[in-house]
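Pasting the structures in now, so scroll down.
What follows is a pair of complexes built around subunit A, which joins subunit B in one and subunit C in the other.
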Partner chain A sequence: MIYAGIDIGSITAKAAFIKGNKLLGTRVIPSGYNPLNAGIKVFKGLLKKTKVLKSDITAIVSTGYGRASVDFADKAMTEIICHGAGAFFMNPEIRGIIDVGGQDSKAILLDRKGHVDNFAMNDKCAAGTGRFFEVMANALGLKLNQLGDFSLKADKPSKISSICTVFAESEVISMIAGQEKRENIIAGIHESAAARISSLSSKIGIKEPVMMTGGVAKNKGFLKALENRLGFELIMGNLPQENGAIGAAVLASRL
Partner chain B sequence: MQGKPQKKIKAAKKMRDLMTTYYLEAMSAGQNNKQIAWITSGGPVEPLVAMDIIPVYPENHGAMIGSSKMGEDLCIKAEDMGYSSDLCSYARADIACSVVKGGPIGGLPRPDMLICCNNICGTVLKWYEVQARFYKVPLFILDTPFCHTGYSPEAAVYVRSQIDEYIGFLEKVTKKKFDYDKMALAGKLSLEGQLLWQKVLNTTAHRPSPMSAFDAFFFLALIVTLRGTQIPVDFYRELIDEMEQRIRDGISIIPDEQYRLLWDNLPLWYQLKWLSSEFSEHNACLVADTYTSAWCGAIKYTDENNFLDSMAQAYTRIYLNIGVDQMADQVLEMIKFYNVDGFVMHSNRSCKPYSFGQMDIMKIVRERAEVPVLMIEADMVDPRNFSKSQVETRIDAFMEIVKQRNK
Partner chain C sequence: MKEIRIFHEAIENTSNMARKIKAGQKKIIGHLCSYTPEELIYAAGFHPMRLFSSKSDIVLAEKHLQSYCCSPVRGVLEDSLSGRLDFLDGTVFPHTCDSIQRLSDIWRMNGKYEFFADVILPAKLNTRSAKTYMTDVLTGFKKELEKASGKKITDTSLHESIKKFNLIRENLSKIYELNSHNPGLIKGADLYAIVKGSMVMDKDEVAGLLPVIAANLEKIDPPSEKGKRIVISGSICDSPGFYETIEEAGGLIAGDDLCTGQRWFEGMIQEDGDPMTAIASRYFDRINCPAKHTSLTFRGENIVSLARKNNAKGVIFMLLKFCDPHAFDYPYLKEYLDKEKIKTMAVEIDEQQQSLGQLSTRIETFIHMI
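And then the complex of A and B:
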C-alpha cells in the first residue's frame, strides 16, 4: 500500500510517497499562483518519477497553506502535525523540530510516541522566515542559495536591530551604503533571524535531539548562527524541505 | 457525546429586547430628567442605581462596535486624532465615537458624570480624563490597589474611605441625599444577580453543554449594565430554567460535542460567528471562559447584609486585579469544574492587564492540568491585529493535538 503526502507551501509545493517504512520518493516544484494546479503537477510528477500508478495510491493527505485547495486529497492536515510525523518517521529519536519555511517558522515539541505535544509559530510577521532571507538576498544582490557560504566568511557580524523585515531591509541598505562587508551583513542577518527562532523554541521548552526542517535548513550560515544561539547541535534531516510532505504521507497511512 | 439537534436559545430574543429598552431609556434620559453616568465595566455601579442615575458602559458599547464590525473605522479615526494604535481598541473606538457620533447606535448618550475604577486596567484613567475634558463633566476615580497576593488592611481602609468619597461625589453632582435603604436593596439585587449569573455559567458543566462561551459573551451584557436592578435577576432565572430544560431534553449547543475547551481573555467581537464555527467543525465547544465569569468572581467577598462595606474588597479583588498565581489557580479550578480537554488563550493586543501574565499561566496550566494550551494573537475590536488564515492553522493544529490526546 502506497500513501501520498502533498505539501503546498507559500514558495514551493512538495510531494512524497511512502510504502511501509520506506520512502519511495519526493519532488519539489515552485508553488506558482494556483495551489491546486501546483498540487496536481507535483503529484503527477512524482507518479512519473517513482513509476507509481495513481490507482496504487491508497490515501492522500494534503498540508501547508494551500492544503484546503488540494481537492483530490482524502484529508487536509496542518503542517505542524505533518512536520511532527515526518521527523519521527525519518528519526524516531527526535523530540523537537525547528521548521523554517517560506512564510512561517515554528518550533514543535514531540512526545515519545511522536505525537505533537506543543508548538509555537511566528505571528503576523515574516521576520525569521524564508521570505525574510529572500528580501535580504535581493537587497544584497545575491541569490538565496549564496547567503550561507557568504556568511561563513564573516569576521565581525553586523548588528541588525530591526525585527521587522521591511525595516531590517532598510537597515541593510544603509549598511551597504556605509560600505560594510557583505559577508558581515549577511552573518548579522542570520544572527537576527536565529535570535527570533530560538525564542520560539524556548517558549515551548524544546528538548533535544532537535531536527531542523523546512527550506531554510539548506542555509549553512543560518544553521551555524542558530546552533550558537541554542547552545546545542541540530540534527539535519536528509530532506528538510520535503519533511512536511513525508509527514503527510505518514498520516495518510493512518487514515 | 451526541446531543439532540441544535436548538436556538429562546431567551436570546428577550435579552435583545431588554438591551434595546435599556439603551432607549439611556438615550432619552434628558427628557425624563434622569442623569447619565459613564462607568468602567468593573466599576461599583450599585450606588448609581441607588441614586436613580442611569449607568452607561463605554466598554459594552465597545463590544457592540466590535460585533457590528465598525471597530476598524473608529480606531483609524482615533489614530487620525493622534492616539497611538497601541492604545486599547475600546478606548480608541469610544474616544472617536464621541467625536463622530458613529457606531451601531450613533454614539452613547452624553454623560453627566464619569465614574472610573482602575480595577480592570490603567488605561481607563487617561481614557476617562480625556472624556471628562471632552464633555466637560466631573470625573470620580476609585483607585483599587493591585492585589499581588492578598488584601492588606491598609488597602481595605484606603478603598473603603473612597466609597464614602464616591457617595459624597454623587450627592454633590445630583444635589440629592444618598439613599442608604435604596443602596441596600441595590446591593442585595446585585449579589442575587451575580449568584444567578454564576448559576447560568455553571450549567455548561453538563455534557453536552446546553450553551457555550459564545452565548455567555452575549448574555453577559445584563449583569454588566443592569447589575443592582431586578432585571438581570428575573432574566437569569428564566435563562437557568431554559438551560435546565435543555439539559433534561439532551439539547446541546453544538451538534456533536466531543471536546470541551476553556477560553481566556475577551472574545474577538468581530469574528464570533467564524470562531464559533471554526471550533464546532472540530466538534469542540468552548464551554467556559475566564472573562464572563469575572462578573461573579468576587461573590465570596460580598456580604449581602453589609454590601456597602464589603464592596470595597469585592471590587478590588476581581480577576484582573489579582496576581498571576491566583489567576492560574482560578483557571485550574475551571479546567476541573468544566472538565475541559484544552485551554485556548487569546493574547489580546488591546487588553494589557489581561494578556500580560498569559505566558506564565500557560506554563502553570500545562504543568499542573496537563491539558494542551493554544495561544492566538488578535484583538477584541481592531481586526487589523487579526489574521484569519494564521489563526485557522493554529486552531486546526491545536485540535489535532486535542484529538490525538483523547484517542
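And then the complex of A and C:
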C-alpha cells in the first residue's frame, strides 16, 4: 500500500510517497500563487517520477499553509504534526526538531513515540525564515544558495541588531554603503537569525538529538551559527525540505 | 434558533441598535469594563452599553495613543473620534488597567459626550477598608447619575435593576452550564453573540430572550461529543473566528475565564437588604481580573477548578497584544495548570488582525497534541 503526503509551503510545494517503511520518492516545485494547482502539479510530477499509478495511492494527507486547498487529500494536518512524524520516520531517536521554512520557524518537542509533546512557533514576523534570507540575498546581489558558502569565509561577523526583516534589510544596506565585507554581513545575518531560532527552542526546553528540517536547513552558514548558539550539533536529515511531506505520507498510512 | 439570531443581528449593527434604543427616549452610557456598576446606570433610567471596537483602521487615534496600547482601546478611541459613537450620551470609566485610564483622560479632554465619569474602584479587594471605600465610590457615582438624569435613584428602582441583572446573569450561567455538560450544544460563535449581545442590547429585551434560549437548549437532544474540551482564558475575545478556528480544529469550547464571558456575568447580587452594599459586595465575591488583587492563590485556583469542572483537556490563553495585566498573570496561571498536568497554549491576538491562518496552524496542532 502506497501513501502520499503533500506539503504546500509558502515558497515551495513538496510531495512524498511511502510504502511500508520505505520512502519511494519526493519532489519539490515552487508554490506559485495557486496552492491547489501546485498540489496537483507536484503530485502528478511525483506519480510520473516514481512510476506509481494514482489508483495505487491508498490515502493522501496534505499539510503546510495551503493544506486546506488540496481538495483531493483525505485529510489536512498541520505541518508541525507532519514534521514530527517525518523526523521520527527518518530517525526514531529524534526528540527535537527545529524547522525553518519559508515564512515560519518552529521548534518541536517529540515524545518517545514521535508524537508532538510541545511546540513553539514564530508569531507573525518572518524574520529569521526563508523569506528573510531571500530578501537579504537580494540586497547583497547574491543567489540564495550562495549565502552559506560566503558566510563561512567571514573573519568578523557584522552585528545585525534588528529583528524585523524590513529594518534588518535597511541595516544591511547601510553596511553595504559602509563597505563592510559581504562575507561578514552574511555571517551577521546568520547569527541574528540563529539567535531568534535558539530563543524559540529554549522556550520549549528542546532536548537532543535535534533534527533540523525545512528549506533553510540547506544553508550551511546558518546551521553553523545556530549550532554555536545552541551549544550542540544538529542532526541533518537527507531531505530536510521534504520532511513535512514525508511526515504527511506517514500520517496518511495511519488514517 | 430565532432568539439567537436577534443577538447576532444586534452585534452586527450596533449603531442601528443604538438608534432603536434612543427612539425609546433612553440615553446611552458607554463603558469598557466588566467592573462597571451597570445596575446603577440602569436604575437611573439610562442604557448601559459595553463598547467594542469596530476594528476599523487606526488613523485618528494614532495621534493620541501609542501603538503599544491594546487594540480594543485604540479601536474604541478611533470609533469615537471618527463619529461612529455619536449615539452615546455619556461614558463611564471604572479604574482598571493603565491603557483604559489614559483613554479616560483623552476621552474627557475631547469632551464629545454630555456625561463623563471615572469610577475609581479599589485595586486591592482583600482589605477591610476596600469595602467601605467601594460603597463610597458607588454612592458618589450614583449622585453623578442622579445629577445627569435630574431624578433620584430610589431603593425600589435599584432593587428592580438588581433583579433584572440577576435574571440575565442566572440565565447566561444556565446556558453556559448546559453547554458545559454537552459541549457543542451551542456553537462558540452563538455563545459569543449571546454574551456580547447581552452586554450591548436593551436589558429588558435581553432579560426576555435569555430564558427562552435556555429553555429551548434544555429541550434539544445534545449532539454526541466529538472533540476535545477546551477552556479559554483571557480578557476581551471579540473574534467569532477564534471560536470557529477552535471548533474546526476539533476543539469543543466548554467554558471560559474571559472578561467578555463568564467573568462578566458570574456572581449574583443579594436581592434583599441595602442595595448599595449588595452591589458593592458582588465585586468582592466574584473572580477578579488581573488588574485587581484578591489573594495570591485566588486566580490560580480558579483556573484549575474551571478546567476541572469543565473536564477540559487544555486551556488556551487568548492574550491581547500589549495587555500587560493578563500577560503578567499568564506565567502564574500556567504554573498552576502545569502542576495539574493540564496542557496550555498562549496565543497573542490583535483585534485589527483579521487573518487567522497562522493561528489556526497553532490551534490545530495544540488540539491534536492534547
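Operating definition for what follows: the second predicted complex is superposed on the first by the 255 of 255 C-alpha atoms of A that agree within 3 Å, B and C clash if a C-alpha of one lies under 4 Å from a C-alpha of the other, contacts with A are read in each partner's own complex, and residues count from 1 in each chain.
The definition used in the following text is that a residue touches a chain if its C-beta (ideal position, glycine included) is under 8 Å from a C-beta of that chain, and two chains touch if they have at least 3 such contacts.
All values reported here derive from a predicted model rather than from experimental measurement.
**Q** With everything superposed onto subunit A, say whether subunit B and subunit C fit together or clash.
**A** Aligned through their shared chain, the two binders clash on subunit A.
**Q** Classify the contacts of A:M175 with the two partner chains as first (subunit B alone), second (subunit C alone), both, or neither.
**A** After superposition on chain A, A:M175 lies in contact with neither partner.
**Q** Touch test for A:K203: subunit B only (first), subunit C only (second), both, or neither?
**A** The first partner, subunit B, only.
**Q** Quick check on the superposed pair: does A:L147 touch subunit B, subunit C, both, or neither? Answer first, second, both or neither.
**A** The answer is neither, since A:L147 touches no partner chain.
**Q** Kindly classify A:D117 by the partners it touches after superposition: subunit B alone (first), subunit C alone (second), both, or neither?
**A** Both partners, subunit B and subunit C.
**Q** Counting only touches as set out at the top, which of subunit B and subunit C does A:A87 meet: first, second, both, neither?
**A** neither
**Q** After the superposition on A, what does A:T78 contact: first (subunit B), second (subunit C), both or neither?
**A** A:T78: touches subunit B and subunit C.
**Q** Return the residues of subunit A at which the contacts from subunit B and from subunit C coincide.
**A** 65, 77-81, 115-119, 121, 123-124
**Q** Looking at the complex, which residues from subunit C come into contact with subunit A?
**A** Residues 348, 353, 357-358, 361-362, 364-365, 368-369 of subunit C touch subunit A in their complex.
**Q** Can you list the subunit B residues touching subunit A in their complex?
**A** Counting only subunit B, the residues touching subunit A are 359, 366, 372-373, 377, 385, 387, 389-390, 393-394, 396-397, 400-401, 404-405.
**Q** Of all residues in subunit A, which touch subunit C in the complex?
**A** Subunit A reaches subunit C through residues 65, 77-81, 104, 115-119, 121, 123-124.
**Q** Residue numbers of subunit A touching subunit B in their complex, please.
**A** Where subunit A meets subunit B, its residues are 65, 77-81, 115-119, 121, 123-124, 203.
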